[in-house]
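Questions regarding the structure given below will be posed in turn.
Naming follows writing order (A, B, C and D), and every chain is counted from residue 1.
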Amino acid sequence: MKIKKSWKHKIHEVIYGTHTPAGKLFDIVLLIIIVYSVIIVMLESIPAYDERYHKFLNLSEWVVTILFSIEYILRIVSINRPKKYIFSFFGIIDLLSTIPKYLALFLVGSQYLTAFRILRLLRVFRILKLVRFVGESNNLVRALHASRTKIFVFVFFVIIISVLLGTVMYIVEGPTHGFSSIPHSVYWTIVTLTTVGYGDISPETPLGQFIATVIMIIGYGVIAVPTGIVSAEYASGISKKTKKNPGRACPECGTEIMRVDAHYCRECGHRLNDED
Amino acid sequence: MKIKKSWKHKIHEVIYGTHTPAGKLFDIVLLIIIVYSVIIVMLESIPAYDERYHKFLNLSEWVVTILFSIEYILRIVSINRPKKYIFSFFGIIDLLSTIPKYLALFLVGSQYLTAFRILRLLRVFRILKLVRFVGESNNLVRALHASRTKIFVFVFFVIIISVLLGTVMYIVEGPTHGFSSIPHSVYWTIVTLTTVGYGDISPETPLGQFIATVIMIIGYGVIAVPTGIVSAEYASGISKKTKKNPGRACPECGTEIMRVDAHYCRECGHRLNDED
Amino acid sequence: MKIKKSWKHKIHEVIYGTHTPAGKLFDIVLLIIIVYSVIIVMLESIPAYDERYHKFLNLSEWVVTILFSIEYILRIVSINRPKKYIFSFFGIIDLLSTIPKYLALFLVGSQYLTAFRILRLLRVFRILKLVRFVGESNNLVRALHASRTKIFVFVFFVIIISVLLGTVMYIVEGPTHGFSSIPHSVYWTIVTLTTVGYGDISPETPLGQFIATVIMIIGYGVIAVPTGIVSAEYASGISKKTKKNPGRACPECGTEIMRVDAHYCRECGHRLNDED
Amino acid sequence: MKIKKSWKHKIHEVIYGTHTPAGKLFDIVLLIIIVYSVIIVMLESIPAYDERYHKFLNLSEWVVTILFSIEYILRIVSINRPKKYIFSFFGIIDLLSTIPKYLALFLVGSQYLTAFRILRLLRVFRILKLVRFVGESNNLVRALHASRTKIFVFVFFVIIISVLLGTVMYIVEGPTHGFSSIPHSVYWTIVTLTTVGYGDISPETPLGQFIATVIMIIGYGVIAVPTGIVSAEYASGISKKTKKNPGRACPECGTEIMRVDAHYCRECGHRLNDED
């Protein structure tokens, strides 16, 4: 029993851990394989490549699939609470990224298969496990999370504006100029508001063009808002950190010590020990 | 009389209030109906759908219209100052979002009707009543309101630049390359300056393309300005808040103490202990 | 003599001043006339309008031109140092916005005339005289002026990157795919880098499309830089102000008083008079 | 020997130095020649110009090439550690920007030559030597360097999102609507996400257009992130500076006093008077 446990422990360390050299290596190899498999899926989607290298592409997909299956099983075996993993975000992704290939054996239907294949790409998200340790991503996630409500409200405004202006454009330009329906006009409005501007549809009447310019300037001015929000959020985050970092207070007068390297309280001149 | 009042009061609570469960439910249901009706209007504008489901679409429009009419009447009945509501922004929207459908009975003219239908979309704005309680939107509105002059000035500059560069492009490229008139060139300039770039018109002469690149780089560099403004505005807003956070108050006069390191109340001069 | 002076003075007050009601009125009327004349120039450039309303457009142009000529003369007469005005930015604009119409009488050449007509649009800049009093514009100008070096350096980098990537694209895609020459490719690169994306030229080879995506992501990431600069510049400007605003110091202990409404020094508890 | 050294020293001062008038002049002349040669390369790539002015263009290329060759040799001669220069970034660029022209003599192959010619453009980077002294660029570089990890993480996220959404679009729209393969769809997704929007491919199915709008709004909202990062980074950089500005130092131990309201030196506990 003890041996098994230690054996489980070893695998766990390698698969889940990233502190041991083996763990690091595993994650990096995994990273490479994922990218490789994504590239394979991409190449398969290019007719020219698929025709010429079908055998090789198919084979390497099988290899990758089997490797991931083994990994998946090991993950379940080596963890203490398998259920927790299986129903976790990555657990589901890991499973879904192996199944489709096996399904292909029983029920043929390339059309649907390709649909399943997308999920394989989600493997890429595993990389985040590595990225997470960069630490920066947390910072990004935090900033985005902090301003999620604001961004939601913002997107909400954008949608309302788009629906309204889209309908106006539908009335002004009409189907004759490519604004075939309100949803289509709304699509065009968002294309314009976000400054994407495909040009697949573009206003032809002077009034339509005038409204378009108004939409653009709105989009141009309004693009400031989310940026402003995130910038502020992010900046405040930084400043908070720099403020928090020391989090020392003078034992004598309770003044907050801002500088990590302060040796004396700036208020009462009390000698500060590093314990403070 | 008393009963009626309490009856009115109940309705008022449900329709206008959002604190009681009934009020919350009402607002949410209303929200759903509005979105639903907007979708209906959109589907109607798609010929394919309109042909197939015209009956259903028309019927559900009627249902929604009647529901809103009832709501409108109740709003007037249940409020103390009906006039104030009727001539309020939402009051007018509420009315305008019911009328067109009734008008359709007497005077036939789908063309004009669709024009009226847009107004129905304005119902979406009612959602803001809910959003308003998210609190964030106020923040956004505040930030935008604070920088409204700046944004106006900015838009003003953009317009001047657009008119000038537009005319230059009209001279340089001329009608032969799609710059058929100054307004049209101005339209193109804004399309370029805002980095939308439809490509329905694009410079063909080397000089024109050079000026275009200048415009783009201007647009690219200038896009910073409104963002900078809003960011700063927003950040200052936040910092003001965060400054307040300490939330110490003078025990003597209750003044909020802004500075962490204040030793005396700035209002009454009372000596502050760190406990305060 | 004295009378003349006072007479000159009156005109000066009306034309240059904006404090007297007459001065305000003059500026506003001027503003309207400028916008009007710009619209006239625009309408003239639209063949359909020019044909139908040529007489009216031409006449109103003459009226405006004469009005501006009178204004120009009065400006020179009423000012003390006429030379300073004549060779000032607005002085030159004022002159240039009247000349072309007169020139049209002697040498016929609509083509060239239209070229001159652009300058008329510069009249719009006079509006700035009004805007200047909004005060915000100064703020904007200050922020832009403060970060002019940075923006120059930035634009400089953008140009280098564009030239390099443009040449790479010329090699990769070549004339067969619309990248007819290096300047043209550079033009395309800037179109892409600034996220304008006309689509008049777009990469067709996989490698070209890959480089394009790299360019886009660069552009997407790099767009942050000028924004960051201006934001920071602007924010620091605001914070400086808010810091400066009070600029009071406790006469007792010299502590900087942050709050305008402080009545006691937060350091030594000294009573502050509003003179402090 | 001594003379030679001083001779070497003189050249070194002129070529590498920028403090002496000769050095300044040299750099500026060099700057002009580089820009000139870049323009030559560009003009050569335009068939019309190449045909007409081939002789002149070719000649001036030779002149420039020889000038740069001489400069290159002088650089090696005049420096103390030639190896260090030769294998430095600019050393390699300097060499590569002379070679191709000489190669053209022995092996003919305009195709390849043009490929080499790009490198000549890298000469432009030499300008940075001048820019470096503007000082601002350092600031920019610092800000970018400080947020390089964040930007990497951000780009990483963008790529993942692009691959996922690209595949989804490939499934939804398919080759019939121009989404010929997953890589091509990913290319389109990045074109959309970065708000470039060429319009060479654009969704045609309602679902595709809906996903497109989602992508755009993501792009529109997410564009905030890098801006926020750089802004914050940049602002913090500035604020650090401005914080230092007070520039008080402890008279006892010379420590810079960061806090305006400090009463004691944080290093030696010396009582600070407001005169300090």
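In the analysis below, contacts are C-beta pairs under 8 Å (C-beta built on N, C-alpha and C of every residue); 3 or more make two chains touch, one makes a residue touch a chain.
Fair warning: this is a prediction, and the values are worked out from it, not measured in the lab.
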Same interface as A-D shows up in which of B-D, A-B or A-C, over half of contact pairs matched?
A-B
Across the interfaces A-C and B-C, which one involves more C-beta pairs in contact?
B-C
Rounded Å distance between chain B and chain C, as computed from the means of their C-alpha atoms:
28
Rounded Å distance between chain B and chain D, as computed from the means of their C-alpha atoms:
40
By the touch rule stated above, which residues of chain B touch at least two different other chains?
154, 183, 186, 195-199, 223, 227, 229, 231-233, 235, 261
Considering the complex alone, what residue numbers of chain C touch chain A?
195-199, 227, 231
Please give the residue numbers of chain C that touch chain B in the complex, ascending.
38, 41-42, 45-47, 114-115, 117-118, 121-122, 124-125, 127, 131, 134, 136-137, 139-140, 143-144, 151, 154-155, 158-159, 183-184, 186-187, 190-191, 193-200, 223, 226-235, 237-239, 242, 257-259, 261-271
Which chain D residues qualify as touching chain A in the complex?
149-150, 152-154, 156-157, 160, 163-164, 167-168, 170-171, 175, 180-183, 186, 192, 195-199, 202, 206, 209-210, 212-213, 216-217, 219-221, 223-225, 227-229, 231-232, 235-236, 258-259, 261-269, 271
